[in-house]
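Structure first, commentary second.
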Amino acid sequence: MINGEKVLDHPIRWGMIGGGRGSQIGYIHRSSALRDRSFQLVAGAFDINPERGKDFGVSLGVDPDRCYTDYKEMFAKEAQRPDGIEAVTIATPNRFHYEMCKAALEAGLHAVCEKPLCFTYAEAQELEKLADEKGLVVGVTYGYSGHQLIEQGRQMVLHGDLGEIRIIRMQFPFGAYNTPVEQVNGAAAWRMDPKKAGPSFVLGDVGTHPLFLAEAMVPGFEIENLMCLTKSFIPTRQLEDNAFVLMNLKGGAQATSWSSAINCGALHGQKVRIIGSKASIEWYDERPNQLSYEIEGQPVQILERGGAYLYPEAREEDRISGGHTEGLFDAWSNLYRRFAMAMEAANKGEKINFWYPDVHAAAHGVKWVEKCVESAKNGSTWVKF
Amino acid sequence: MINGEKVLDHPIRWGMIGGGRGSQIGYIHRSSALRDRSFQLVAGAFDINPERGKDFGVSLGVDPDRCYTDYKEMFAKEAQRPDGIEAVTIATPNRFHYEMCKAALEAGLHAVCEKPLCFTYAEAQELEKLADEKGLVVGVTYGYSGHQLIEQGRQMVLHGDLGEIRIIRMQFPFGAYNTPVEQVNGAAAWRMDPKKAGPSFVLGDVGTHPLFLAEAMVPGFEIENLMCLTKSFIPTRQLEDNAFVLMNLKGGAQATSWSSAINCGALHGQKVRIIGSKASIEWYDERPNQLSYEIEGQPVQILERGGAYLYPEAREEDRISGGHTEGLFDAWSNLYRRFAMAMEAANKGEKINFWYPDVHAAAHGVKWVEKCVESAKNGSTWVKF
Amino acid sequence: MINGEKVLDHPIRWGMIGGGRGSQIGYIHRSSALRDRSFQLVAGAFDINPERGKDFGVSLGVDPDRCYTDYKEMFAKEAQRPDGIEAVTIATPNRFHYEMCKAALEAGLHAVCEKPLCFTYAEAQELEKLADEKGLVVGVTYGYSGHQLIEQGRQMVLHGDLGEIRIIRMQFPFGAYNTPVEQVNGAAAWRMDPKKAGPSFVLGDVGTHPLFLAEAMVPGFEIENLMCLTKSFIPTRQLEDNAFVLMNLKGGAQATSWSSAINCGALHGQKVRIIGSKASIEWYDERPNQLSYEIEGQPVQILERGGAYLYPEAREEDRISGGHTEGLFDAWSNLYRRFAMAMEAANKGEKINFWYPDVHAAAHGVKWVEKCVESAKNGSTWVKF
Amino acid sequence: MINGEKVLDHPIRWGMIGGGRGSQIGYIHRSSALRDRSFQLVAGAFDINPERGKDFGVSLGVDPDRCYTDYKEMFAKEAQRPDGIEAVTIATPNRFHYEMCKAALEAGLHAVCEKPLCFTYAEAQELEKLADEKGLVVGVTYGYSGHQLIEQGRQMVLHGDLGEIRIIRMQFPFGAYNTPVEQVNGAAAWRMDPKKAGPSFVLGDVGTHPLFLAEAMVPGFEIENLMCLTKSFIPTRQLEDNAFVLMNLKGGAQATSWSSAINCGALHGQKVRIIGSKASIEWYDERPNQLSYEIEGQPVQILERGGAYLYPEAREEDRISGGHTEGLFDAWSNLYRRFAMAMEAANKGEKINFWYPDVHAAAHGVKWVEKCVESAKNGSTWVKF
């Protein structure tokens, strides 16, 4: 049970790159990090327009002297302070993630980064190596993976409640880009531009979310090979707006993934179903407080977040008892709480006994997109992972 | 509105092959055919054990003299009667379908046949030719295609409510065979035996159902090429118990299919989602009286069977007003009603202005299974359809 | 498992009063009675217009000579035949029920009657006495009470799965009469006319349905006292279009009922929730194949019709396995099957070991309406039952 | 769109009474108040045990010198500081609410108080008068009233989308107290003790929640008279564990309420349905991001929080776009944000153009409980409101 008491010796001194006024994602980073005093927002390069960024930072309570022109200035100036930032969040468009994350690590800073961490697996491996060598934390915000029922799913798999895992179904198909909205919507436009978004649109933008949920719930999830069928249903798009992926997993299980931006009428539809030899579970992001548990031959059971019958690990991050809804912000808060605890442990050279979406999870997502794109380019043929 | 008044000049004189005591499928054929006096059950070869078959037939009200040893005897003897059967239903295990359907057509009988109609597309083409030449009806019982909301879906597609069709998602994944039940269950055993079930288990047994729902709702549905990934999760099985299919359709749409017998905890899960450029619809066999209609940017709408706002074609076969549930038996009754009207029209040499799952639909399903199996055997590579 | 084999020595010879062309309720009576050959439709006075009635009867396959001008003629003429009717269904507007049912019983006929059986409890008691004295069956079509999950609910209560019963919540609130549709719709008009409909609109028209479901599921259900608040939200109506009822039951439980015709946007919403000291169950007529089973402190379970885990009594009337939907017609068919078996047993002077909505159930509903109306007239005060 | 930028000139200096370590409700107060820097937690009397309270306060980041023995000390000492608290939250058991709220107002402090504000309507009126005279804010935490879809409901009613309001159905029936848990659970025990909980258990503990949701959505909601049927299904309880209420509203509408602690298997089940002459809406706290909108004669529509089609007032407090879930914490955060804005406006003597659950809402709830208890004591007869 989380009740707001401090879990760290001191809040992590924290800065942001991007996430300025008008950025929805910027707010959820701040709201989650600042909850329960795990982080303290002391610096920022919030905006490509420095004046606007400073005005915004001040409005957030940041000292105007610590509202910087860009991340380079921030890293340099903060490094000179005894109370300089210890961690930085990168909430900019995709194309800056790699260089900023690398610079942060080189500056000795822990980093929280929006996915994708970078555009190529080679870059990702470089960042993995750097983080490991420096003993620094890189957290990636697969937001719903912090929801307590994901932990419940993981515990059920670990305890053998599902038996041997056979099939994993993942999807994140939304509908909002069923017309060429990118012609009028800037945030949509850069997502469709290979120079700014990387080698993929929906695979990287949404597909890696349920991929990580699956990894979180099924420890040992490892892909043997995959094939991917993509299409731009809006023909002017350079990147795919729909993708189907089939995967053979090591050990004999199979997995499928559906990512879409043209699934008319759907909001997110992020869903993961895990089918075992004894039972299945299914989780759906639009009703995150319920987990369907389906033992073959028995009535379907609806597990509720906060239920006394859940595994203790799935109740640790309860903020309120069952029946009350916890949503996306609560899931993110859990992630940022783990990031903070991991950062403090790293600072102290201590080991942690919990998981979070880390640099390796981020790298795995980048690799998956790369392999999917490779398959799609090769006529949707099978590619070794 | 159907109210039990006669729609035919006289009820079709009808016989059954198989579907004896203990056959669940036999009952739904009879219950549907006999409703509203479109058919009259006058003969049968109900059982491989003739004594048991006769006893059963008598219990159904059939004249004992017209309870036959086998279908050959039935066809021969009935042909000699002035009031002999005009149509026959084939409700036997798969391996007999082809020979019986062929024999029925050759005997000048209309036929209703359980799917699959046969094991190879070559055989299917032969039956198509035979039926066309003889002007006889072959109806295949894709049962839920008779549900009124399938007609509503079809009308919505035809009226352009969905815009251009982009993606069709089909599934029929159940869980009851998650363990080797075939070792103790005879009905399961023959379904897993290639000699008795044909070249596939789940593709043919369940996968063709949502395939036909898609065909029914999307006139012009035509496959360009496909790839299929199958697996027997119970390793002792000779035929696949799970199959994923990806399809490119003519005109640029794409489709996916999931068939399974090891989807733990699921009953049937037969579901079709059709995604257009303007809206999507989704239909689910476990709640058949509701159709989800999702116009991008608007609240999801739940269309109800019997609703006054539905297309007239979707209300024609109402037996009761909206809010009351019509289930599988009502959908089948609608199919048998159309079979009867088609048979009468054929007898009179008249054209019909309605659709039903006919010999070409049956042949299409057989071809689809054949192509899927071919792809799976070729390492799950793409196969031209 | 029902498979269409005969359950009676011979089908009951059966006539209908009312239920002519255009009557929706007439069709469901016929479709249910004629299924599986429990009844044989041999006579009728289908319409207030005898010519139209005869034309309709012939279209149903009835001998034109046995299509009568009115029920009196039918009873008289049929009595003279050796193969005259044994049972009659009354599917006319409410105001005829009492006289016709009484006449049928006096003519030695079993009767199936639409509710309400009559307008006053005194009349109901008279019919109860008559039926009991003559040893005749009166079946009343509380249609959904024939659904298998109602039997499951009954068995759960009887087996103590819910513990001591504490609260029963019943409702049947639909919305179609939210405007004065009776000004243009004849079927609506007579339902609002006290001379034709009796002392109540919604209490009698819909409220007694979930009342009987509760009686069926909770053997021993007995009302101590009740209070009722009614209103005509359309002020020109002489009878109530909305009613709330609170009840104290013998033994200490409590019950509530909500009946409405102005619940905008709702189709039927017939729902019963039974709360016990250990668990609750909830059944809803728009998803009749699922029963919610809620043990305090455990995940909610969704029981499915046809599930192997149900009580054997709840599986006896399966027509198809679980996962397939059975709807209103199947529930009615089960009732008519029981009516037929009860009639045959009565003819033979045998006892039955099953239940059905009988003359006492019908009388109880009439009494309940009478008491509710009395309370409402007395300023919604408590009335002893 | 809320993005964390400051909305006040400075955060309100804030203290807490109660809500110490182990208090679930204390955390949700803090988490909501501290989000987005509307409040600053600077003082507290967190615990009946002062040592434990100080330890807890320090762990929350409060200066140990401002962790007080009790609220009297806190009010006295803080009044002497130039930077003393401006507002206080009362999160203690019910019996202290009245005296603490009164003391706070007398000390010139704004107050946020858990419901019930007090035990009698006379006390409530006293507090109303005091708050009004002093120009101070009293906020009461009817938490879900801050959810955006409640505002949507209100706007729909105000815009006439529902037509004339006819019926309001409210419920909050949970099941966790189906056995005498109060014998082992302290938090349950005081809720059942009239000295500590006031004149009612479930009416006051849960029933006033949906009552206020109804008031928030239906401006002009005014009760004419009511009747209430209560019972303690656990006979050792001094206060009711179940209550049904029927209400006539001014203007001719009717309302019902169900409050329960013995509704086996239900979590909260807080639900409000508002039925108008044109349409109904229904909101359910376990799926708070969906609002059912049911126009008679049209398909049911599911409105989603964040949808672009919602009224602008319902989108003002969006923290994230539609499809993502906002839960109880987000609803509370919205309330505390409004409390803060109201407090600043009160400090400046400015008017506000928004609503929040204020002292009059709190008083209305107290009066409603008082009238319900009066009716129940009088044999569940009608009581003028």
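As written, the chain order gives the labels A, B, C and D, with residue 1 at the start of each chain.
Here is the rule we use: a residue touches a chain if its C-beta (ideal position, glycine included) is under 8 Å from a C-beta of that chain, and two chains touch if they have at least 3 such contacts.
Predicted, not measured: the structure shown is a model, and the values here were computed from it.
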item: Mutual neighbours - chains that touch subunit A and subunit B alike; value: C, D
item: Selected pair, greater C-beta contact count between A-C and A-D; value: A-D
item: Length of the line joining the C-alpha centres of subunit C and subunit D, rounded to whole Å; value: 44
item: Gap in Å, rounded to a whole number, between the CA centres of subunit C and subunit A; value: 56
item: Between subunit A and subunit D, centroid-to-centroid distance (C-alpha), Å; value: 34
item: Residues of subunit A touching at least two other chains; value: 293, 297-298, 300, 304
item: Residues of subunit D defined as touching subunit A within the complex; value: 1-6, 21-24, 26-28, 30-31, 34-37, 56, 59-61, 174, 267-268, 285-289, 304, 319-330
item: Subunit A-facing residues of subunit B, complex; value: 162, 166-167, 169, 175-176, 178-179, 227, 229, 231, 233, 242, 244, 246, 248, 252, 254, 256, 258, 260, 262-266, 275-280, 293-298, 300, 379-382
item: List of subunit D residues in touch with subunit B within their complex; value: 293, 297-304, 307-309
